[in-house]
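The next part holds the structures, each set out as structure tokens.
Two complexes are shown next, each including chain A; its partner changes from chain B in the first to chain C in the second.
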Partner chain A sequence: MAEYEGVVCAFCGSLCDDITLKVEDNAIVSMTGGCAIGRKRFLSPPEANAPLVKGRETGLDQAIDAAVRILSSARYPLIYGLSSTTAEAQAAAVRLAETLGATIDSTSSVCHGPGTIARQMLGIPTCTLGEVRNRADVVLFWGCNPVEAHPRHFGRYSVQARGWKTPEGRQNRTLIAVDVRKTLTAKMADVFLQVEPNSDFEVLTALRALINGANLTGDTFGGVPRSQLEQAAQTLLGAKYGVILFGMGLTMSSGCQHNVYQALMLARDLNDHTAFAVIPMRGHGNVTGAETVMTWLTGYPFAVNFSRGYPRYSPGEFSAVDVLVRDEADAALVVASDPAATFPAAAADRFAQISTIVIDPQFSATAQMAQVYIPSASAGIAASGTAYRMDGVPLPLRKLVDSEYPDDRQILNRIEEGVRQCST
Partner chain B sequence: MARVEAVLITGRTVKQGVGLAEGKHSGLYRQETGSVEMSAAAMAELGAAQGDSVIVSTEYGTAVFTCRNADLPDSIVFIPYGPSANRLTGHAAGRSGMPAFKGIGCTVRRDDGG
Partner chain C sequence: MLHVVGGSVYDPANGVNGEVRDIYAAGGKICDGKRAPGADGDGSAGERAEVIDARGMVVMAGGVDLHSHIAGPKVNVGRTLSPGDHRMDPVPRFGSMRGGVGHVVPSTFVIGRRYAEMGYTTVMEAAAPPMEARHVHEELDDIPMLDTGMLLLMGNNHFVLSLIDEDDKERLADYVVFLLGSTGGYGIKAVNPGGGVNWRRRGNLGGLDDAIDGHDITPRHIIDALIDVNEGLRLPHPVHLHCNNLGQPTSAETTLQTMQLADGRPLHITHLQFNAYGPKKGAPFASGVQPLADYVNSHPNISVDVGQVVFGPAVTMTGDAPFQHSLLKLTKDRWTNKEIEMETQSGVVPLAYSKNTYVGATQWLVGMEIFLLTEDPWRIYLTTDSPNGGPFTAYPWVIKLLMDRAYREEIAKTLNKRALEASCLLELEREYTLEEIAIITRAGPAARLGLRHKGHLGVGADADIAVYEPCSDYEAMFARPRYVIKGGRVVVRDGRAVQECFGRRFLPDLPDRDHVTCWLAPEFARLYSVSFSNYPIDRERFEPCEVVPCR
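Now for the complex of A and B:
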């Protein structure tokens, strides 16, 4: 039996790296640390499916050949997903997109993409989660619910975590939660501001005005009484080191990138008085890597098109949902993602109508709709590589067990090689 | 027939996350993503009890869910992310690429099998 310490769980953007696993007979048999989701991921992974072409079981080589044929003859190929695989596979996907002249997009466009657009407009005062653990005495959770989406974030980084300046953990921190629902996160906060749906921009603007000394005359702002906002403003101004952790309550609500812009401006305002940082609460394990890698290689973080032979960036135009709903893509290569289960129906249904290829360790909902399904070794379980935590820190993913299938990077490289051979 | 006008929020839950890791064909995933959370008052207005079947409609589509009580404002319903929720979410992404996943006007009515 082999024992592995300090294993990284690649399920969510927290990338917990304190897990101990025991492996026997090519199976993970016990686990220490991690959350309920991580335990399920490591100890009870779904059974692998064989490669499929048009619903029939086939060999790996035949499935890859079918993928090459589809992509080589496509008029407008789309490559999508990438957030649950390694940075190395993400780089291979970008190279394939360039070879094909394809559009490439990650799950960013349906999660924190608007926040990335805001960061491009304004920049971001940010820090690592280690700084949050060691320094943060005021934590503002806006439109995020880590108790359910990042189950160990509180304990490892932002609430109970004990650090250099926060030796008593929770007792050293004041928590403010802002949400439309009284979530489990909100229930644990010292201050809860319940905003009306689609009113985050208004509440952020009012809070900024208070921070900047304005005399507000209204009684409520986006459903939040002025007195509560004044109390929150005083708490924020009293921070020695504050952090704003925001989620998709901002990026998915009316205003999208403008909401995040206002949150970043709030941090900028607060930095005139004290120290404040902002971290997006990224969902998928390596969605931060998808943006990072795509930016290295193309200059842009998501929604990139290579049809003119050079990268062009246009969220709303080259984002996957838009490309599908406008009926532009005639082929899709989906890697380590399940858009049929996560996209609005008008986009999700398109995967059954075009030539779809899925590379995924799991036989996903998208795989069920695909013409070609290629199983792969699961990143961080049967494949090694690099993942980027939500704060941009890269961490190594280990190969713990053997898979009968190659990893995503190897499969993408083989497809690219095949496409190059088809074009010569 | 009684109906409730509300605002739909979709989002993550722990059970949805565990179901994801277990596989989207798992009973847990299907059960969780097939549920809608409502306030006790909203359920009473509908005449729906915990576990009853309700129909949620938006301008984008309609789907059937099992309702359960939660600590929510009466004007908000919550559905965990998943294929059923996405029958109701919008594709009008505008210039950000982000579809409408939160803050969508919806109607909830009891599913009386007709």
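Now for the complex of A and C:
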């Protein structure tokens, strides 16, 4: 039996790295620390499926050959996903996209992509999660519900966490939640601002106006009474070190990037008075890595097309949902994500109609629609590499058990090699 | 086996000044022609030497840049902020070579290609945050053509400051060795020491003797202690310092005091241009170069790189977060700020330098004055603090400005009139020689970094060679080398990269010191959001690396 301490749990954007695991007979048998999400993934990993080509079990080599044939003959291949694998595999996917002249996109385009667009327009004042733990005395959660989506975020980083300047944890912090419904996170908050659906931009604008001393007329803004907003503005201005953490309630409601733009402007305004940071509450374990890696390799964070031999960036044009709905892609390679379960039906249905290849440790919903399924070693369990936490801090994922299958990076490199051989 | 025949060799480290010499290389190293492999029948006998006809050409060692922002979190933020800029300069895949985007903050593969296409083969990343060093290494791994290293930010590190508070230089040295060793850093970098601490409440520091929140020390103590530790450890490179008070009209005064505080001990002042301003009535600032140049000229312990401003777009990125916030107040455009727990902070602000404005023109003039008033070329190095003063791809233009007085004055006369009138530039007749260019772009920075196999063409040096075709337009000459050889292989022909190669990571040969774990681990657990065991990077992550001996 082997015991591993300080294991990184790669199953949400918090990347808690204080897990202890015991491994016996090539299986994880016990876990200390972590949350329900981590326990399920570490202790009850899905059964491995054999490689499949057109529904028939086959060998790994045959499945990789089939993937090479599909991608080499495709006129408009799409590579998508990447958010639950290592940075090394993400880099291999970009390389394959370049070789193929493909479009490559990550799950960012359907979650925090608009926030990234806002960051491109404006930049972001931000910090690492340790700064939140050590300093933050006002914490504002906007359109996110970490109690359920990032179960240990409160305890490790943002609310109960006891830090350097916050030795009493929760008692040192004022907690504000903004959401369209009273989530479990909102129930924990000192102040809850309930906004009408799709009114976030209006509420943010009113808050900015109050902070900048503008003369506001009106009694409610986006469903929030003026008095509540005035109180919230005072709380924000009174912070020694404030943090805004936002989720898809902001990025995927009406206004999208404009909502985040306004939240970033709010933080910029507040930085004229006190210290304020903003952190996107990224969901998938290494979705931050997908943007990071794609940016250093191509200059752009997601929705990148290589058909001209160099990278071009155009969300809406080269983002996966749009490419599929417009019926442009004739082949798709889905890596470490399950878009069939999350995309709008008009896009998800396309996976069954075009030549789809899935590389995933799980036989996902998308895999069930695919022509080719290639099982892979699970990142952070059976494959090592780097993952980037939601605040950009890179952490090492370790290989704890052996898989009978290679990892995503190795599979992608083999496909890339095959494609190059096909073209020469 | 490689034979570079008949070029005029500029190898100032070995006293060769334009003489016609043949250069031989084998096994990635420069070797003696008489004893070249093949000549005396050793292992590579029978292997045909590749002959590079360099007759009529200028031969230098591969270029060495000791201060450039090429990899890591803040560089990637710069890329994120520049999608429109990338679109101006798409770089297609070329043969087996990866493409990407260029211009101000290029993608990683393009950075390596573009440096090589100017004859550069070694670049030091200028500012790496220890906690995100893994990210820096991952990007450096994706930069081809170059040998690289990274300088590690320490000037606002909680443990560094606390140990200086306690005047515990032994533990400070232990901790510095731990930081460098566990994150793969090459040397000590300090940026606005102490200023980042006050920035946590959105404050800053005015000078060397201002109070730092929560500490009993001032920037003076931090700089003094870091120099002491650096010299005690005899690290290959001196402390690499971005001074306090950058960009202010009192910055030259602060920089002078900083040089004085080194008191004879080695110190490298980086991007001096941004820190060499004096006060001027009715203007934001004026040149404060003369007293600084005088001091450098009379004090051989000090070296500087210039941080020359070039006109056009730039992306400023620095650990000097308070200064970056003041830039935002000017540009009112994009701004990223990041605080990294217990260690450091950064700011990224895109901007453009204009020769029509007083400030832009003055900055350009200040850079030129530093180049021309600093007498010893071995202690001044060509940088633009890329991409802060403009992208590194402008180096050939800067070389032309230095070598061609008539051209320099032609440019100067197009500048903002008030700025030009306030400058002594038109009185400065100096023109850099090829030998001096070889020093400020290769031999000097290599020596100052302690890289004994770089920056020269003596036997045993790395076979990094640049062959330029002489041209009266020095910009054209240095922008398009006829050949660039990296580790004995031709990687550039006629100014175009022809094959990709990957370099090594430089690590200092750290002395054995007491382990810090016993006192650091409990404090680390209390203060950091990652486990102590996940902080050090596995040594194999740095491979292939080259361990550089201490002085």
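The definition used in the following text is that the second predicted complex is superposed on the first by the 424 of 424 C-alpha atoms of A that agree within 3 Å, B and C clash if a C-alpha of one lies under 4 Å from a C-alpha of the other, contacts with A are read in each partner's own complex, and residues count from 1 in each chain.
Basically, a residue touches a chain if its C-beta (ideal position, glycine included) is under 8 Å from a C-beta of that chain, and two chains touch if they have at least 3 such contacts.
A quick note: this is a predicted structure, and the numbers were derived from the prediction, not measured.
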Who does A:V325 touch here: chain B (first), chain C (second), both, or neither?
-> first
Which of chain B and chain C A:N286 touches, first, second, both or neither = neither
Figure out whether A:M248 sits in contact with chain B (first) or chain C (second), or with both, or with neither.
-> first
Thinking of the overlay built on chain A, is A:S355 touched by chain B (first), by chain C (second), by both, or by neither?
-> neither
A:P197 contacts which: chain B (first), chain C (second), both, neither?
-> first
State whether A:Q90 touches chain B only (first), chain C only (second), both chains, or neither.
-> neither
In the superposed arrangement, does A:P396 touch chain B (first), chain C (second), both or neither?
-> second
With the two structures laid over each other on chain A, which partner does A:Y388 touch: chain B (first), chain C (second), both, or neither?
-> second
Mind sorting out which residues of chain A both chain B and chain C touch, each in its own complex?
-> none
Contacts from chain C onto chain A in the complex sit at residues 71, 73, 75-77, 79-83, 86-87, 90-93, 98-101, 105-109, 131-132, 134-135, 138-139, 142, 200-202, 325, 328, 334-342, 348-349, 526-534, 537-538
Show which residues of chain A lie in contact with chain C when the two form their complex.
-> 5-6, 8, 17-18, 87, 91, 95, 98, 116, 119-131, 133-135, 156-157, 163-164, 240-241, 268, 271, 274-275, 277, 292-293, 295-301, 308-313, 386, 388, 392-396
Given the complex, residues on chain B that touch chain A span 7, 9, 11-14, 17-18, 20-25, 60-61, 71-73, 76, 78, 81-83, 86-87, 89-91, 93-103
Can you name the residues of chain A that touch chain B in the complex?
-> 11-12, 36-38, 40-41, 44-46, 105, 109-110, 113-114, 117, 145, 147-149, 151, 180-182, 194, 197-198, 248-249, 251-254, 256-257, 283, 302-303, 315-316, 319, 321-322, 325, 338, 340-348, 362-365
